[in-house]
Amino acid sequence: MIFASDNTGPVHPRIMAAVMAANDGYAMPYGNDATTQAARDAVRDLFEAPEAAVEFVATGSVANALALACLARPWDGVFCHRIAHVEEDECGAPDFYSGAKTILIDGADAKFTPEALEAAIVQCKARGVHGAQPGPVTITNITERGTVYTLDEIRAIAATAKAHGLALHLDGARFANACAALGCSPAEMTWKAGVDAVSFGGTKNGCMGVEAVVFFDPAHGRELELRRKRGGHLFSKHRYLSSQMVAYCEDDLWLEMAHAANARMAQLVQGLARVEGAHLCHPVAGNLAFVEVPRAAHARAFAAGAQYYTFGGTVADGPGDAALRCRIVCDWAKTSEDVDRLLEAWAG
Amino acid sequence: MIFASDNTGPVHPRIMAAVMAANDGYAMPYGNDATTQAARDAVRDLFEAPEAAVEFVATGSVANALALACLARPWDGVFCHRIAHVEEDECGAPDFYSGAKTILIDGADAKFTPEALEAAIVQCKARGVHGAQPGPVTITNITERGTVYTLDEIRAIAATAKAHGLALHLDGARFANACAALGCSPAEMTWKAGVDAVSFGGTKNGCMGVEAVVFFDPAHGRELELRRKRGGHLFSKHRYLSSQMVAYCEDDLWLEMAHAANARMAQLVQGLARVEGAHLCHPVAGNLAFVEVPRAAHARAFAAGAQYYTFGGTVADGPGDAALRCRIVCDWAKTSEDVDRLLEAWAG
Amino acid sequence: MIFASDNTGPVHPRIMAAVMAANDGYAMPYGNDATTQAARDAVRDLFEAPEAAVEFVATGSVANALALACLARPWDGVFCHRIAHVEEDECGAPDFYSGAKTILIDGADAKFTPEALEAAIVQCKARGVHGAQPGPVTITNITERGTVYTLDEIRAIAATAKAHGLALHLDGARFANACAALGCSPAEMTWKAGVDAVSFGGTKNGCMGVEAVVFFDPAHGRELELRRKRGGHLFSKHRYLSSQMVAYCEDDLWLEMAHAANARMAQLVQGLARVEGAHLCHPVAGNLAFVEVPRAAHARAFAAGAQYYTFGGTVADGPGDAALRCRIVCDWAKTSEDVDRLLEAWAG
Amino acid sequence: MIFASDNTGPVHPRIMAAVMAANDGYAMPYGNDATTQAARDAVRDLFEAPEAAVEFVATGSVANALALACLARPWDGVFCHRIAHVEEDECGAPDFYSGAKTILIDGADAKFTPEALEAAIVQCKARGVHGAQPGPVTITNITERGTVYTLDEIRAIAATAKAHGLALHLDGARFANACAALGCSPAEMTWKAGVDAVSFGGTKNGCMGVEAVVFFDPAHGRELELRRKRGGHLFSKHRYLSSQMVAYCEDDLWLEMAHAANARMAQLVQGLARVEGAHLCHPVAGNLAFVEVPRAAHARAFAAGAQYYTFGGTVADGPGDAALRCRIVCDWAKTSEDVDRLLEAWAG
């Protein structure tokens, strides 16, 4: 009963089967194999972007870091929300790869508005040679607080970035969950809305460890390859990465798993009404929620074997009726029974 | 009939089975799982080093880069052979991670002597604040030309490094093949000989993609973890890395596969007598050989479907009896028949 | 009538004379000359720190960047105020030299409290390996808004840093003005209060271009030298840097100039009462003030030849009675008449 | 009697006078002053390059590092001679600023041929994504061994670089001495011969500390400014740098001083015939010579107060008639008597 992260669950059997099937005899290394070419084409098809540069890596952190490093110069600022994975959870990987520094923007529910972005860019430009220069903008969808940028919101942010000649990157560690939530296609959420580069996540959504870095302008492709190699991220036995991505794209498995995870979260949100003293901290769009629950409820859940992260204190440091914030994440493999058991433990 | 690299072959079934078996239910991410703990212990056992810091990554390039970055300061020189993977084949990854620059040492058969190392260190020191400062020393075993450093040679290099207060790193992308060739234990080839850190390779030797970075002084462990994370190399679903390493260490599978690969290479070396005009460029110790073969022989092999790299020209740019150098690598899965077929094609 | 910065004024004649006097015959380069040794000793005397490591550079940006790079590891966060020179005005130099990233702390008047620092450190620690690690703390005195940290405030911040094992750096681009304002000795404002490293500025205070980087623990000295050289900041004809610093320290010229500059600012602050609609944005402690003045008053001053920076708009974009913020800086050479002329222009 | 380096001598009085004259009242900082504009124009005039991007720094190391960083991408190799200042004497500054790594080329007398460059580029390209990519080429004139590249030699190297699409940088720490030796104009030695960027040195040739970085394609100008700022090399009181450069260019003072230094070296070379057992290690073109002299002769010179560097041993470690290599450098202020005294001491 682990709700700590979507990376705690098992790999989907169809992904596993694809990895096994790839283990057939010999193949040339470093991506010069047929499976990798098929994986690139599968991603291009998915995004309706036949010319896109597509490369694979094994972690979301480096997908973001490489994408931003190809867009930012070392003296740039990277505009992101204060609550962003690139800022909080990558130990400075984007700074390390790009040389650039993050410029933090505030906004409710881990989202920023075009107006807030505009203000940050203007302030940045005012410093001339003395400050960081305006660089790429990056947003996350599903955000780090479980909310979603709508297509209109993405378009508006892209328009602001473009007006200043800045590129827009989308951290899609939970890209599939956002698509499922919005009911839109990958193309609609990216290049059709003005996104230039995307980290298309597979790891959190049922893969073993694979992410695609996608640039809709293929001119970035060679730099991406070289930066990946220089970061030690070019896999020699590349087919074991690529085969995951092929299976992930096939028959919309990526979307099927996201719908499953989102549905379990919807079940949990609906069931919260049964838990006295519980309420959501942010609107929930996908498979991730921040919830305030009384300490006594947490204690019951932990006793029942539930695992998840709490914030701002511990169960022990307050009375049982005092609220304590937690993060709950559902992955593709969570069952309706799992969610019910958590709700029951909370409800007491 | 691919002899291009040991990373072109399939993953060993026992490794694959372990990865499958790891895909059982939920596990905490980022190495906080039982499999990862077991893998660390397995490596510590293998090296008879119960206190060693052990972390896992997916590529050999980053294993080297992280190990050297933990040993070198940004203004240091890293002493290595002119023909070293860290110099030639990692697109500058060690420089990127450490900030340090390579100082190249010459020597026959991709090996350098303690005397050559001593001279390089002395020259480096003579520059005072103006030049790179003396930093760690790194050697490769099996070397990039297929030769092997003996235990005595490693001890002598370690003694020279230690006399100047410098650390010694061993690039063990083909560590198992070196152990098999020398008939020594991992401990004998490393800490007992004066090696401080080792990249213990699994990928080239039958794994899907896993390398262990080992520091015999555990004080380096925390820095290693942080550098790995900052490089985007901390896997969230870590059990799929660790399970490979567990199986690799179990029942000496690592050594069994290395013996198999070395044996196939020995068969090839022996069979060269049958190939007119063929001769070895360097002594062969493990699973890797550089061979000069007449162009006509290459042409026959390629026509028969063989794949491997040639150097210094192409088959077409000389007469059939002119020699052309090539690199042949055997992995664990090569069969006696594979080798015979290559020899037959060459022999004509 | 340039009030734009304290780096717009002339070099003090005694500094100039010292540079001329240094131009006598031959001297060994790279700091291996008698003048540089004398300059190091003069700074050590000034700080009552006979063991301190002291090196000279030509710009304040690199003094800060080198000091912080010696204190921070690449994966660290550097705690600073949101309004800090290292954050806003050095184009990322501290990030470039250290690899670390800034962690911004809020607080009134460009100062932060020990409580705010404590909260930032605790939040940083909570992220484990995923976030930047707690690194050095840096404060500026005189701050970027012209206010001053008292000795008690510095001690309290140092105590918080020390409680977490973190070092404290002081950006002293206007160190002399702070000493003059507080009436304290350099030792009292630094190591006696818990400061580990200081950028002791000369450039803004009447020198041509010289700053001392001071580490009270001399163990940092060698790293400082190497980082300076690697940054291209080791002057070959070093005596022309060092002679400035000798003269700066001699007969308390540094303090004399700071008192002069502060006095001119005090005169201006006092005279503000005569300017209708003018008021200070922050308490003024040294030679730097942020003032709100009606647009019409600015227009008169600019017409009279005054030069200084305005913020948040221009004279033209509002009615004459609407306030517009500006920054006024006095250097050692400003005269009472200069200040009066500005006040008169403002007063209209 | 210091012959250790051309940076041990005094600053020329006309340079000093210009610095003094610049100390007149107030001027806007960071290069936004009239003197800096005049200095840029003076350099453009000197190079007959009215559109060139020209910026000033205080050390030769950073001039080289910035120029190369603007030309190289982080994954590039920088082609230079094994005996180059950027390789041996800058503590890795070019690597630090650019991220790129040096690729060393051999050649007699610290010069490489177009053929050697071609071979290095071809070898570099052969590695594909695995090795450093071909980046800029850099040569030094006067070289680190005192020899000179002729215009024909520079043109041939430039042609080789251009054929591969690579830029050519000239490290001109002793640019003036090379021009004096070749009897050519700055334009002839640079853009007319195919050089893209030049570090035009003033420091070694009678200035206090100023170098111009010149890009003949002005598109590099903004990046140069930003990299300089980010390196902490943008002087606030910029007029004291710029005034040196104005005086240096005026009435060909740069060339006058170089001719004087070269003439003193010519006198020394001619006088060597009088010193038994002495001979030049390399042809001498400018103001720098490597000479082998018997140990007894060195001992006499040191006793007479001479200072210079010896290599490969000390006076004490061999018999008096055994040769010991030394480096002798003349600057603009060396007198005929200085040289005679050294020759007399050597001659015994």
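List of remarks:
Order as written gives the chain letters A, B, C and D; numbering starts at 1 within each chain.
Basically, a residue touches a chain if its C-beta (ideal position, glycine included) is under 8 Å from a C-beta of that chain, and two chains touch if they have at least 3 such contacts.
This is a predicted model, so every value here is computed, not measured.
Centroid analysis (C-alpha atoms only) places A farthest from subunit D. Of the two chain pairs examined here, B-D and B-C, it is B-D that is joined by more C-beta pairs in contact.
If you average the Cα atoms of subunit A and of subunit B, the two centres end up 34 Å apart. Taking each chain's centre as the average of its CA atoms, subunit B and subunit D sit 41 Å apart.
Each chain gets a centre from the mean of its Cα atoms; for subunit B and subunit C, those two points are 51 Å apart. Of all residues in subunit C, those touching 2 or more other chains are 74-75, 90-92, 96, 129-130, 133, 226, 229-230, 234, listed in ascending order. Only residues 74-75, 88-92, 95-96, 99-102, 104, 127, 129-133 of subunit D touch subunit B when the two sit together in their complex. By the touch rule above, subunit D contacts subunit A in their complex via residues 30, 73-75, 129-130, 133, 223, 225-227, 229-230, 234. Those residues of subunit A that touch subunit B in the complex are listed here as 2, 4-5, 7-11, 16, 19-20, 23-29, 57-63, 65-66, 90-93, 96-97, 203-204, 208-209, 226, 229-237, 240, 307.
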